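Look at the two complexes coming up: chain A is in both, with chain B in one and chain C in the other.
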Partner chain A sequence: MSRLTSALTVPREKLEKYQTAAHIGGVVAALLGVASALMTWAYKDAHVALDDVTYSGAPSALQYNYIGLAVIAALLFAGPLVFRKPGPVRDWVAWNTGARFAGYGLLATGFVAVAAIGIEAGGVINVDPGGWLALVAGVLATVSGLVLFRSPDPAMGKIKTHSIVQIFAIAGGLAAVLFAAAFALGLSGPGAFLFYLTFAGSLAFVLVRAGIFGWFAKCAADNKKIMVLAAFFVAFVFPFTQNGSDANMSIATQVLIFAATALGLNIVVGLVGLLDLGYIAFLGAGAFTSAVLSGSLYSHFHWHPPFIVTVLISGCVSSLLGLIIGTPTLRVSGDYLAIVTLAFGEIFRITMNNLDGSDGPNITNGSNGINNVPELNFLGFNFGQAHVIFGIQVGRFANYFWLMLLVLAVIMVVFVNLNRSRIGRGWVAIREDELAAEAMGVNTFGLKILAFAGGAFLAGLAGAVKAHYDISVTPDQYVFLESAFLLAAVVLGGMGTVMGVLVGATILKLLPEKLRFFSDYRLMLFGLLLVFMMRFRPEGIIADERRQLEFHAEDEDLAESVEEELITYHDHFNPDALTTEDLR
Partner chain B sequence: MTAALAPMSDQTPAAPAEVLLDARNVTMQFGGLRAVGDVSMQVHTGEIVGLIGPNGAGKTTFFNCLTGLYKPTAGVVTFAGQPLPPRPRKVVYAGMARTFQNIRLFHNMTALENVMVGRYCRTKSNAIDAVFRLPRHRREEREATERSRELLAFVGLENKADTLSRNLPYGDQRRLEIARALATDPKLLLLDEPTAGMNPQETREAEDLIFRIRDLGLAVLVIEHDMRFIFNLCDRVYCLVRGEVLVEGVGDVVQNDPRVIEAYIGAPTADEEDGSDA
Partner chain C sequence: MDLFWQQLINGLSLGALYALIAVGYTVVYGIVQLINFAHGEIFMVGAFGAFATWVVMGSPKEMSWQMAVFGLLPAMIVGGMIVSVCMALLTERLAYRPLRDAPRLAPLITAIGISVFLQEFVRLFFGSIPGMPDAKRAIPFPTVIGISGQSIHFGNVTVQISAIFTIGALAVCTLFLWFYVNRTKTGRAMIATSQDPDTARLMGINVDRVIMSAFAVGAALAAIAGVAHGLRYGNIDFRMGFLAGLKAFTAAVLGGIGNINGAVVGGLVLGVVESMATTFIPGQFGSPAWKDVWAFVLLILVLVFRPQGLLGAKTVDRA
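Here is the complex of A and B:
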């Protein structure tokens, strides 16, 4: 029971009598937060700050979000006062833990609001009492939250729910994600975006810690196929929410290209456990192949097959490069492999820079690269033009977004199916104990080569689309820094998981685009972010269970929960279930 | 010394069946250290052979030479009439599987998954089969799961299939390692100290398990320090001292051989050997 103490290092007995006061204090703080949002946060001339929070009694969209967080905080703080005795509802939610994180969230959002107004409007003099009240509410809620004892583990993830309710929950959750993403991309100022990010992050933390997210996770786990289809549907309709805005769709497409490449890298890094620092070369190989075969005026090849063929050739060229790089280098491991792959990445770039005809064949025009890669054209559907679909205009970038979505789906299927096969088991065995794997008859070298070549193939697919999307392909797009970013996306998001990489890629691509003001410092900030991740959550944001165990070897609770997870996995694989499952 | 030992291996009591493993004059030299010198050994089908010797005698090194982890400096190892390639994977493929002295399970995989890794070398579905879930993948996956569950039941772990191997008790981990080795469909099973760290009850169970493995038609070569265990179990015993075969024969002969006793306990006049497990 030692876990159920407060976050403060004060003996439990001393805090016992303050619990009710803390609950009430938290509720008061949250209501103060709501009240603050009804007041003006910034001086009436400071319209630029936070997308305009200068109206009294008429909260802006951002302030409505803040009110939402405050209301959730109030409910979490009030919950234990209402449900005094342990009972089903009381046990579902980790009220106190959730309330504490809601308190942190109110403080963080309040702080970001005041800071953003101070910076964007030119001085904290522009912060109105409402803004200060929001900060005070945050401080009070945080203090109240710190006094509270931790809750026992929430039981909400174990509730049995009717499948129709679950499907509605999935639909609702994904609709909320879609709405939030569209809303976030629509924000104009960096302060507003940062405020919204803080809000969304806080909300996510609160939902996870309070155990409410556990219920959504169970709904999703019980309806995996529906969940995946629904997620793709949401991604598919995303362009329609953008009113033909090219700026956001361009970012979204870049995120998808980046994510697709990172997923390929995740096979090598996450599944097999090899460190590859030259991965961008495979994306580049795909892009160059596709550009050379595209029929561009700058290409010296006069054979341009249909795109579907080009994509496959690009993948094959990339995986051939993977074989060439992998065969000699995979005999070394660990740091040595990292160095050697880094060097090969550079060799690729320099080679592309020098295939300009002065020494040897002219394939890439050297540092000029191949420009004017024509737009794709499928059966008369020109990717370069805007189209009106269902009465909504979608631009060029939306077309490439959908194409990338298709490529990403293919890559995800390959990733997941390989992982859940004898090959995937072999990879885990290599990661765990390579010598034992070899002594048990696992072809360790072959499997590592397969991972290298397979991952390269997937990156080649993404590269083929990237060539057309970017219109020009030059060697300096494929520098070491990009490889480092790919690796950072994998490590940050979660090694060995699909969702993790998607999250990691989104963070690493979206933030620099929306927060232009920190683009000079982005390397430093991402470096710091990675250091903090390594300290507090080395397994990544969305962790693979087995990976998590490898990082937390001593955690017995975790080991048990992973066992439960794997049991459900094997139920899926028991012989009878397999036939009926797969016949569907 | 070599000349004196060579005839001894020819005196093997009426070989019951064909020779499965035939190691001739295996030598393993690490720089100036001769860890295994000129060791010859034969294992016949359906036979349990013991390999004993004081600590540092070169037993595990000899195992590693057989299973391809080391490439012997000299000597030939043939298995079922074919020379064994010095590659662990190919040795497994040829039909020889081993366990390790210090357990080397895949700790973050479940017991079932561990055994299924053992099935890897007997399945053929490739990346294409796996990605498109072709019939071969599904059939092999089903068969591998069934076979692995059978093997877990065979070693008595049928209820622990979904337990992570790191959460298994020590004795169960040893048995799981045996199940994993059996999953490769071996003709000869090499056990490196299968009862190390076990209590007498567990040792008896291990003994029973090895007899049952023999009854499946497998030959077993076992390194062990527990003399009662070895002499109960084995048809023949080799005693290795300082990398060389000192004595070879049926249990009683080896047990009462003065040279073996001397190697383990030491003779009053001889230089001291380390190790005194007898």
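Here is the complex of A and C:
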């Protein structure tokens, strides 16, 4: 990588005189982009590829998005021309860096548009001049962006804003996220979805790189509680945006189940650094327990406790299994754990297959599993039926969506509080250096067992809901590849962070649903993804700074920032203790 | 008593298969302390390589048994070895080497990634190589006349020729490995590197090359195991590496990971335990459906009572 970039780097002096030209070129390119969206992108019935991009002068919804990106690009390119002298406004935003990424974004979206029309509508002959113009605008903007110097770090994250404004910003931002999500899920074709994804990804990148996101981050950090509540509120109202559409709600619920399980795995892998490759077995144990106790006709147990009790029993069964498997293996080196948990996953699957009456006692009906798990019925609220709330019909999946949201909230609260507690600090110490942690008096074995059994408990909770949601529970839902898939979500999103895992789970669950054409290559790409993430960004998309430092030990700036955070954190909780200043 | 001897032979031949794969885990672990999780897939790729060699040779079917045993079989083994060794060196160079100083979690996750990738790659693309059948389903392994399906009888005990081939291959490989490790320069460099990589480097040993040779030796033995698997079960498929790799790792731990003799002993013990369990455990839990479970239970028991393995010396945890 570095060899490649160094070959592309032109000396600074040579670029000096082209800066103004590049700014102007970028603005022109962005305006070309806007112009292209006013033209037709495709020949008449090519709208199967994107949406209706076949009218001139009347942009489609997707083209409006593209226009938005182009306008932002134009503003970023034009900014330094307007604010010629360094001043507060000029320092707020990283104009050049943002502009460069906006250029990449225009190129990427233009390319996806042309490719989608070319593939889905049968040949690039269907691409009209407007589409080609969008591609040309992207190339020009990218070239202009590459000429620009990098901006100094933006100062927007340091602006002091009144808290009312901040709260409005949070509300606005989250509302935008909600509408974007609803819009994205409403798109039908894979081309349109991919186009929108490219657009949204580019926009996010531009906002982060230009420093505008820094201001939002500060708003969120200053009003943490409001932020979290608002985020949950947005997730809560999400079903209302779907007009009773089951397809999207079903995906959304699956994402939540997946995310909740991945978050449990994140305690084990992300916080303690224990690689658990049989985690799906804990989800399965929860699901089977819950199914067996659910009163399904296929279950051979005739005790049907209320769901609250079942959930707890499921969690306990899972964590008991965690104890059984963890106690022997957590005493020896961590590598063994990975393989033993893998073996355990297999034991679980085979055992569930064998408890069919002929090879063992009949508990699970073998490979047929337990079908017809009844819908949840909670204080008279039947989860299987559609309900009308505020005049909007919400279906079965929405009910489970809300239930999973609750479970996810519980898991998140557990995760965050543990992370910030004595236990969490012990875990991180074990992850960073187990011998040193033990020498400092951390009860390493006990904490590892706690993480392992606790993670299993959370998976058991998720499994209990999953059994009712899926209606049938069979052993082949809980194979090793599912564990690998969960691990991929944790690794992709960012080990040890909540946000990261939510993002990773969403990406890994949503993409295959929306992009059916790549479903056959899904697993292969995930394998590659794991390899590449470990090689180039082992800390994941959303990195935990301290975790990041473990992978990039030579990064001095990062080390300093982590140290600073630790000191403020320490002072916050021990105001009377000696500070590092005193010690100096 | 006949049943006992029959199961012993079955177990030994199964165990020999595990042992051949387990050596690959143990050699690599002994030198870089890395569980090469993708080794099971190297075994699978070796079997497919052997199959591909047979197809390239024109899918010969009719021949004398001398021709089959001394011509076809060695050619298939060599072909499988070339493919699996190349694959192992490729993964080492591209995926593991850049992560050598990374936290231990990183190479493990990479290994899982490689494992999933290789399985899916073979499943999706083996069929698109000209002349090769689609690998989405099990592919019948070529019959080697004189070995496949043949058996000899000692009283009431039946011994498959393929079992004799597997056990014989293990014996030859063990002798070869003993010679390679103890008598050649590279082998002694391996021992030195496993004891102390930094000092080994100071003594002028090219550690990178030693690590590569460890991967290569393991892959070559895995390819032999791949052929043995094909002869034993009559077919190969892209999933076969997962369970076999897991069992072989169990065998390596059982014998004491990092110890080559341990891997051989561990493999044999595991095979015998597995086949005995299906016969001598009474009731429903003795049915063949449970044999994998017993193997893994054995792994857990070993970790509880003797984490250093049967032949492993008690060492300080290096993690």
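Side notes on the structure shown:
Methods note: the second predicted complex is superposed on the first by the 548 of 584 C-alpha atoms of A that agree within 3 Å, B and C clash if a C-alpha of one lies under 4 Å from a C-alpha of the other, contacts with A are read in each partner's own complex, and residues count from 1 in each chain.
FYI, a contact is a pair of C-beta atoms (placed from the backbone, for glycine too) under 8 Å apart; a residue touches a chain by one contact, two chains touch by 3 or more.
This structure is a prediction, so every number in the text was calculated from the model and none was measured.
With both structures placed on the common chain, the touch criterion links A:489 to neither chain B nor chain C. Of the two partner chains placed by superposition, chain B and chain C are both touched by A:550.
Of the two partner chains placed by the overlay, neither chain B nor chain C lies in contact with A:352. By the document's definition of touching, neither partner reaches A:231: not chain B, not chain C. In the overlay built on the shared chain, the residue A:429 is in contact with chain B alone; chain C does not reach it. By the touch criterion defined above, A:508 reaches neither chain B nor chain C.
In the superposition on chain A, A:343 makes contact with chain C only, not with chain B. Annotation: chain A residues 550 touch chain B in one complex and chain C in the other.
Chain A makes touch with chain B in their complex at residues 413-414, 417-418, 420-426, 428-429, 432-433, 435-444, 450, 454, 546, 549-550, 556, 559-560, 562-563, 566-567, 570, 573-575, 578-579, 582.
Listed in rising order, the residues of chain B touching chain A in the complex are 67, 69, 88-89, 92-93, 97-98, 100, 104-110, 112-113, 116-123, 125-127, 129-133, 137-138, 140-142, 144-146, 161-164, 166-167, 180-181, 184.
Against chain C, in their complex, chain A makes its touches with residues 269, 273, 275, 277, 325, 328-329, 331-336, 338-340, 342-344, 346-347, 350-351, 353-354, 358-361, 434, 480-481, 484, 487, 491, 520-521, 523-524, 526-531, 533-535, 538, 550-551. Only residues 33, 35, 37, 95, 98-99, 102-110, 112-121, 124, 242-243, 246, 249-250, 253, 284-285, 287, 289-290, 292-293, 296-297, 299-300, 303-304, 307, 317-319 of chain C touch chain A when the two sit together in their complex.
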